[in-house]
Every structure is written in C-alpha cells, then in structure tokens.
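Below, chain A partners chain B and then partners chain C, in two separate complexes.
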Partner chain A sequence: MKKTFSLSMAWLHTWFGLYLGWLLFAVFLTGTMAVFEHSITHWMQPEASIDRSAPLPSFEKQLEVGQAYLEQHALREKGSLWRIIPAGERHPTLDVGWRDKGKNHEVALDPYSGQEIDIRETEGGEMLTHFHYTLLAGIPGTIIVGLAAVVMLVGLISGIVIHKRIFKDFFTFRKQSSSQRSWLDAHNVAGVMMLPFLLMITYTGLVMQPLVFLPLGIKAAYEDPRGLRADAVQSFDLPYVGEQAALLNISSLLPRARESLDVVEWVVIKNGGDASAVVEFYESINHKISAVANHAAFNGVNGELIGAQTEWRDSTYIFRAFVGTHVAVFGGWTVSWLYFIGGTVSCGLIATGLVLFTIKRRKRPENEFGAASGCVYRLIEALNVAAVMGSINAILIYFWANRILPADLAGRSDWEVRAFLFTWLASLAHALVRKPLAGWRDQLVFAVALCWLLPVYSWLSGQPNLLSFLQRGDGVALGVESTIVAFGVLLAVAVPKVSGAMRGVPARRKG
Partner chain B sequence: MKPSRDIGLRVLAAFVGGYILTALFNLVWVLWWPGHRADAVYYGTLLPWTVYCAVMIWAFSARSAWRAWGWIVLVALVLAILWGLARFVK
Partner chain C sequence: MGNTSLLAACFVTYALAYAGMTALCLAMEKHYVQAMRGADLPAGRKKCLKVMGWSLLALGILSSIHGWNPTIGIVVWSGFVSVAAISVVLVLSYFPTQVVQIGASTLVMGLLSLLALMLG
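Entry: the complex of A and B
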C-alpha cells in the first residue's frame, strides 16, 4: 500500500500496534500474573495461610482425611465427581471437591488437622488468568483476544522487517540521546531479546483454543466435539448402577497406582458411594513439557485395576506440548520466574511502543486525522495511560479489595472483580482530565503507593502480612507480597523520569 | 480510490479474508488427512495461524486493495474446491 514493502510494514506496525496494543498490554500483564495464579490465589485467601513449620502429613494420610470428609459431605449421585488434591510444596491446603448440579463445590481442609478452613470468597489468581483469554466476556472475548494475538504476531514480523539492524541494535542503548531515541532503543532491545519468547507465547496461545477458533475443522471430523477428547484420553468409567456400596480405603491402592505412575498428584472418585465407583489416580505434569496427565483407574469397591494410560497419540503429545509450553507448569519455580520476567519485559515492549507513538507526534505532528489530529492525539495519550497504568492499577486495586472488603461480605468475589474493572474507567477519566505527562505521573505515584502500603495496611488491620507469612514459613504468600513491594520499586524508578520530562517539555506541548 | 476506503477494504481483507483462508486451510487439512481423525485435528491446529499472518501482511503490502482481495478470493476458491473434492471422494 505504501511505496515499498518496508514502508507498508512500518504503517502496519504503527497503527495495528497502537490500536491493539491497548488490549494486548492488559492481556500480557494479566497473563504474566497467570504464571503465579495459584500463588496469588493462596495469598488472596489469607485464612489458608496455616503454620507450615511441621512437616506435612504423608500423602496416604491426607487421602484418608479427604476420603472421610467426602463420604460424610459429598453428594452421591450419578456423575458425582469427587476430587482430593493433597497439600504439597505449591499447594498449601488439602482440597476436596465434588460436582453439585453441574457446579463444582470446593472445600479447603487443613492438612494437619483435617478441619475445614473458612476461606473468604474470592476468584483469586484464576480471575486474572481467565481475564487474559476471555476479558471476562466469554467466547466473544476469547475471539477478540485471538484476533489481537494474530495482530501481535504480525506486529512481531513487521517489526523485524522494519528493523534491519537487529544484531547491531542489540548492543545499542542510547540513554543520553533524545528521549524519542532512547524510548525506541528500549522498545527495540526488549523486542529483540524477547522475540523467541514472544513468538512462542503468542503462537501457542492461538493453538491452544481450537474449539473456539477452528470449530469447523473439528466438526468436519467429529459430530460431537467431545469425541476428540475420547480419542485422546482413555476413559475407564463404569456404567452407573444405582446400588449403594462401600468405597474401599483409597490410600491402600496407592502402592499399585505407583507401579504405573511416577508421582501421583491428585485423585478423582467417580460415582462415589455407588457400586460403580471408580478411583482414578493422576500423575503430576510438573516435570514434563507436554501437558498430559498419565492416569490409572481402579474399581472403587473391589480394588481391581481397570486400566492405566501412560501412552498417548503422537499428535496429542505434540498438541499438548504447545499447551504445556504456554502454561509453563513444567519446570518448577525456575521456569515460572523466567516466564514471569519474560512476560514483564514483553509488557514493557508493548508499553514503550505505545509511548513512542505519542512521543514522535508530540515532536512532529503528522496530522493523520486532519483538523481533528490535536484532539485525537490527546485521546490517544489518555488511552495509553489508561491501558498501561490502568491495567497495573486495576490488578493492584483487585489485591487491595481482597484485603479491604469484609471476609464475610455477600457476593464478595463479585465486588473484587467490580473494583478491578472500575479502576480502568477511573484511570481513563483521570487521564482525560489531567495533562498527559501529569496523568502518567499521578497514576505511577498511585501505583507505587498501592504496592508499598499494602503490607502496611495488612499489618495495621491485623491481617496476615509479610511478618506473619515469614513466621509461619508460608513462602508462597511471602513471595507474592514481596514481589508486589519489589514491583513498587520498579515503578518508583519511572517517577523521577516522568517528572523530569514534565519540566523539560515546553508548556505549550504539555496540553 | 479514496484512502479511507482503500484502508477499510484492506482491514476487512486482513481480518475477514484472513480468517476465511485460515478456517478453510484447517478444514481442508482435516478432511484430506490420510490417518486417524484425532491426528488430523490435533496436527491441524498447528499451522493455520501462519496462514492468518501471511494474509494479514499480504493485505497491507499488495499494490491495491482490489489486488489483495483478488488473491484472497482466488486462494479461497482453490481451497473450497479441495474441500468439495474431499466431500465427494469420501
């Protein structure tokens, strides 16, 4: 469309980057949080922060406690799906659950005493994960994120095309030259360094959702899309009988389950209490890139082995490797942190790209919008602030709401989500009222305050805080809260830069 | 052509045309896969996104918006014929 391919790509990169960058920043930031979704959930349920100084009870013991609880409380009906997830390194409580009229009912137990823990209602880190691929808007939301992901890929490719000196610029960071130059250098360094990560995370994200994105292909092969799963995952279910029968002690099956499986992580009991009960052990996927969980199933009444699946179709294995590389549960804390850092730098790439658009035009307006250019630039500045600082503050406000809202408030988790979403609106309104740089600075200072005052507030209001996490040996919650404080430091570094820019820019260009 | 209409047509080609070719490519892949249908679907999820990217880049690098659409329609027709053939053969 322009004179050369390279110029066309520059146009594409600029405009698609701008319009989709607003959405992509929020998606990448919440996606980065998703790496630690379970840790965040644990932090958001301070009641579950129990003293971990004594060694955990054995897996067998925890299974017995879980089974006893389920037999006493869980529904016994066709299709009831009892679950026991014992506590472990990353998973601080003994969780049991069952299906109640299609809805999952979850209970957290203290792994030491077996007592129910009364946990505040929250959607925890899962809400952030959910947001990053649905925008909390169901399938239409997923489609919008999918289109943004394709644009992200095109942004990466067009970025490579317009950026010919890739190797040289890897070592170039002109901090002292013009502000536009150093923003561009930051954008380039982040993009070049993160290119493999960005391509991987975006592409695997698209591949992961064939049911939503490519339904025609699946329907061409299967009348019922569930048939695909049936072809991939072996089912060892028994037909429901409707006769009561005592469930055997499931922990007694563990030695035989371990003959087929490596590390058993959790157990599912289908049709518990019925003569057709099946006890199914699932292997941990923490040590493999392809996210397939080997499983072994036993008759829940007489203990006979029904079957075990430890082999998978090559195609399933490869597909699930794409899923596994995206969700990153395969490499323990090290890989989680690498993904977290990768995600954070990627957010920086998107944010610097957005800022570049306005910095360039503040210096030398290109008047793409004719007479309205001034107003549109102003709106773009405000949307940049709302997209970047709004997203950061929305997550922080979500964390704050978790600590401020009374633990027993009705519809509590909905209020947390409302606070999260409302922050964007407030951020945009503020950015529209304030001059652009002042908008950035105010919201940066606000974010720093949110990060640093959170532990102080928790301490003053008598809630679990950095100190009590340390005393109880709760490393997960301690990690989350200290990361929030460290993030405050990162944001605080930017405050004097923005203030400096405010002094340096002539008054007429500020507004 | 007015620049705004040119850009509008290209955006449409990029998103709508891009999706049509992506979905058709996936469909033809699944239907022509010689082995098990589960393999057809799973392997079929891996490549379509490269098609989407290619179409999007093509939509904005073609000399004119009509030319961009022309090729998209042509490739879509070829894929549609392959789709029809697969239905006919099976």
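Entry: the complex of A and C
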C-alpha cells in the first residue's frame, strides 16, 4: 500500500508539476518582481529620477503643493477622488491623482519644485504584478492562476511525501555527483529550505481572492458584494450637494489627524471643491503585518473631525493579515529583499523541477507517450526553455522596450506589453528550432547580454543610467538597475555549465 | 530605527541563524565527516552541537523581535533562517573544509554586534 501511495504521489508530482510548472514559473517570477513593483515603476520612468541630494520638503509643504495642483487641475464632480501621496524613502515623487470617468488619472510632481514631471507612458512594475495574478486576462486569468496555485500546494505536499529524507538530506547538495543527482539535490534543498515560504505564499495567494474563488459564501451573506467591504471599512463620506465651496488648507488638519493616527502616509479628498468635501488621512501600514490602513476623516470645508477608524473587526484583521503576508508591504527593505530572495529560490525550485523531468528522460526514456514519445519529449524540452528563459527574457525585453521606444510614442505602454508577450513566442520558436541544450545556452547568453548591456545602452542613448542615478542619489533606480546587472552575473554562471553539458563533459569533478 | 541599527539587526539575525544552522549541520554524522576531513563525531559533541544550534536559532528569534516587533520579527527571522540554511548548504558543498571557521567567525561577529546593539 505504502509503495503504491508514494508511487501515485510521484506520478502526481511529476505530471501536475510539469504541466503547471510552465505557468507557475512565470507566475512566481513576476510575483518576485512585484515585491519591488513601485521601485521598478520608478526606474521605468527615468524622467522622474530627480536630484535627491537635498533633504525632501516637509510632509506639510508637499501636501500644500499637491493641494494647489489639484485645485487648479483636477476634475470637480461627484465621486472625483483626489489623492496626494507625498514623496518618501520608497516613493521618489510627489504623486497626485483623481478619478476621471472611472479611470484614474495620475500626475507625478517634483517634490522640490512642485513642477509637473513629463513622464513617459508606461505600466511599469504594476504590469508585472497584474500579470502575476491575472495573466493580463482578467477574471479567467485569475482563475487559471488560482488553479495553478492549488496544483502548487499539491506539488508541495506530494513533494514532501516522495522526498522522505527531509531531515536526513536537509543540508545535502552533491554537486560532484551525476547531473541528475545534483539537480535533484538542488530541487530538494530549495524546496525544503523554502517550504515555510512556499506554503505561506501559495496559500495566502489563494485566500487573497475570495471574490473570485469563494463567491458563494459572500453571496449568501450579502446581496451586494460591496456590502462586505462596507462592513469592514468605515465610510465617512458626506452626500454630494453640488455647491461650490473652498477647500480648507489640508496640511492644517495634520496635527489633529496625528492625534488618532501614527504615521500619516497619504491623503484622499472626496468631492473636492464641493461643499460636501471630505479630507481623509491614511496611516502607513509599514509596521504591521495585517494590512489595514487606519484612517481619519475631516470635513473639508469647516475642518470638523467626522470620524476615525483605528479598530477593525477580527475577521478583517485576519483576512488583511493573509493579504499582508502575501504582498509584504510591512518591514521595509529588509522584508522586501527577503521576499525577493525567497521568490528567486522558488523560481529555482520550479525551474530545476522542469529540468529534472527532461534530464531523467534524456538518460532513460520512459516512453510515456508511446511511439510519439520522442516528439513529445522534444516539445516538452522546448516548452521548458520557453517557460524559464522565455519568462526571464520577456521581463528583460520589457525593460529594454521601456528604454528603446521613443518617450512620446503613441500607445507606448501597449507596445511595451506587446514586446513582453511576443518574447515568449519568439523564445518558444527558437527553442523548437534549436537542439534542447543549444536552446538553453543561446537564450541564457541572450539574457546575460540583455542584463549587462542595458546600462550601457542607457548611457549611450543619453538616458539616465547607473552613473547618473548614483550622482543624483536616486537609490531606488540605482537599486533596480544594479540588481538587473547582478542577475546577469547569476545567469552567466550557468552558461559554462550548459556549454559543458553540450560537449558531453560532466560537471567539473573535484578530488 | 536608523539605517545603521537596522543593518546591524539584520546582520545579527542572519549571523545567529547561520551559526545555528552550521552547528545543526555539523551535528549530522555525514556532514561532520565532510567538514572535519573524515574525523568521527563523538556522541557528546553531537549533543553539544545540537543544543548550540537550537539555542542560537532561539536567540535569533529574540534578537529579531527586539529589532522589529513580535509579528514582523518572526517573519524576518524565518526569512533569515531560510537564507542562512541555503548559505550553509552552499558553503558545505563549495568550501567543505572551511565550514567550521566560517561558522565560528560568523558566530563571534554576530554576538559582538548583538552586544553592540544592546549597549548602543
């Protein structure tokens, strides 16, 4: 019985892991990038990289600048949602925005001068986050990613069952052994060391989308699904009256907002310019795992405190704790980097799993597909290359497109996304044409070149680059670009190994 | 928390986790042999290494809770433990004979920084 059980688990792990591993790699890689989505967005808007050597103007001053801009430019109508997000450590520009016919209109201001910055049109890091949970295909995409996440959980549990020697082999990585052995060790070590992270990130990822995955429970309790949110988040809105009224100076409310809130991070003004204007201050959620933003609302005309929410329902705390542990807004750079490393190792886990499937069969074909096995294995090899190297190159090409496409091109951000998506197709086509190992090697070399030449290209084309980010003290953009270069180094390490395998030389043996 | 003390808190948490994982790794027969060029692992030392490993991990939790707060501290600590364990695996397979020295010096530096953090 036991033998059958672990054999059936192995079957489950192999096939589900293979078929969904292709998708999971892309989901995990874009998810890893999503940790730094705002940093990436900032890097993709080089115009917003301004000299930050002088200390930032105070929060109050920035609010005043933001308010003046909004009063002059923003739409004044029912439901126009004005926002001011002052610049800070992780947030290099003073951002203002409002809602225009259901769409968000965003403007970045120079926090020092208050001048509007003319930023190239890009979806930035948000596109990667969006891909991570929708595959850019809306609700059906979310359902597909959700299925993949369920399969990920199945893979983790079946992996624990078939591994068996979790504690005995806890530290075992036999790099000198046969290539299949080393790949398996790497796969096991990555899986075991990252198991807490993997279980957490996969589970919370699923739980985060109750409206998509568990709609019936909500439907049973609420007629309108928005009722759920209304029960969790207190609303202090005033009914729209349609009479013009001057908005008071928002920053004068700040001391009173700080009586109920800890660190104020951003401000929302509802019905700005109207007699029913409400100014709502939101607290930073940096210091807590449960991602609930306490808020305090004031009447925007007479400055009376309407209310503040600093207590939440237990269920809200728990749900937002799942969300918080998944999106990792808390804990500053430390936690972001730990999640980034965790995500990178998880990508390695998936990639080694995919490679193992083919390495095993290259050595000893199991002919699972009868007479067609040869062809199907060939296709699987190509899909592996496209899933792993295709995803990596797609993101790199997305970054390149951001720097190559003219800043004023019409529909520019769509072209960036197209470049991102078509890279996969090109990667698959290339992998089908080339022999498997040559496909891996070519695309690895290509990725390394993309990583290393990006700063060079930026420099040659007169765009901001590593050097200028350093001079301006723009640590966020500098961090993004140097991480890209460092990733090139990581990928470059793999190149000689693949080339060695092509010549049929086993990995270098010691002793 | 200032940048310096943040970096110090990160280093302490990582160093304690790394030293703890090294001790737990050396407490295993096959890795002890790898690291000590074939010497046998006496039963007493095995126990001692195990106790040391677990206590260092526990000390790491305390220091990260001190550096952040109970909830974030535990997340940060578990992240550093994973990263530390992976580093031990890499050191063990690429520099097996230096496992002990690297582990011991990380431990000393970690404890010194912990002391500096608590005093400063």
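Please note the rule applied: the second predicted complex is superposed on the first by the 501 of 511 C-alpha atoms of A that agree within 3 Å, B and C clash if a C-alpha of one lies under 4 Å from a C-alpha of the other, contacts with A are read in each partner's own complex, and residues count from 1 in each chain.
Here is the rule we go by: a residue touches a chain if its C-beta (ideal position, glycine included) is under 8 Å from a C-beta of that chain, and two chains touch if they have at least 3 such contacts.
In this text, all values refer to a predicted model and were calculated from it rather than measured experimentally.
Participant: Tell me which touches more residues of chain A here: chain C or chain B.
Facilitator: B
Participant: According to the stated criteria, A:287 is in contact with first (chain B), second (chain C), both, or neither; which is it?
Facilitator: After superposition on chain A, A:287 lies in contact with chain C alone.
Participant: State whether A:147 touches chain B only (first), chain C only (second), both chains, or neither.
Facilitator: In the superposition, A:147 contacts chain B only.
Participant: Does chain B (first) or chain C (second) touch A:367, or do both, or does neither?
Facilitator: neither
Participant: Per the contact definition in the header, classify A:193: touching chain B only (first), chain C only (second), both, or neither.
Facilitator: Once the two structures are laid over each other on A, A:193 reaches chain C alone.
Participant: May I ask you to decide whether A:214 touches chain B, chain C, both, or neither, giving the answer as first, second, both or neither?
Facilitator: The first partner, chain B, only.
Participant: Contacts for A:345 in the overlay, against chain B (first) and chain C (second): which applies, first, second, both or neither?
Facilitator: So A:345 only meets chain C here.
Participant: What part of chain A is in contact with chain C in the complex they form?
Facilitator: Listed in rising order, the residues of chain A that touch chain C are 168, 170-175, 189-190, 193-194, 196-197, 287-289, 325, 330-332, 334-335, 338-339, 341-342, 345.
Participant: Inside the complex, what are the residues of chain B that reach chain A?
Facilitator: Touching chain A: residues 6-7, 10, 15, 18, 22-23, 26-27, 29-31, 36-46, 48-49, 52-53, 56-57, 60-63, 65 of chain B.
Participant: Mind listing the chain A positions that touch chain B in their complex?
Facilitator: So the residues of chain A touching chain B come out as 1, 5, 8-9, 11-12, 147, 150-151, 153-154, 157-158, 203, 206-207, 210, 214, 216-218, 220-222, 228, 231-232, 313-316, 318-319, 322.
Participant: Which stretch or stretches of chain C touch chain A in the complex?
Facilitator: Within the complex, chain C touches chain A at residues 6, 10, 25, 28, 30-31, 68-69, 71-72, 75-76, 78-80, 82-83, 85-86, 88-90, 92-94.
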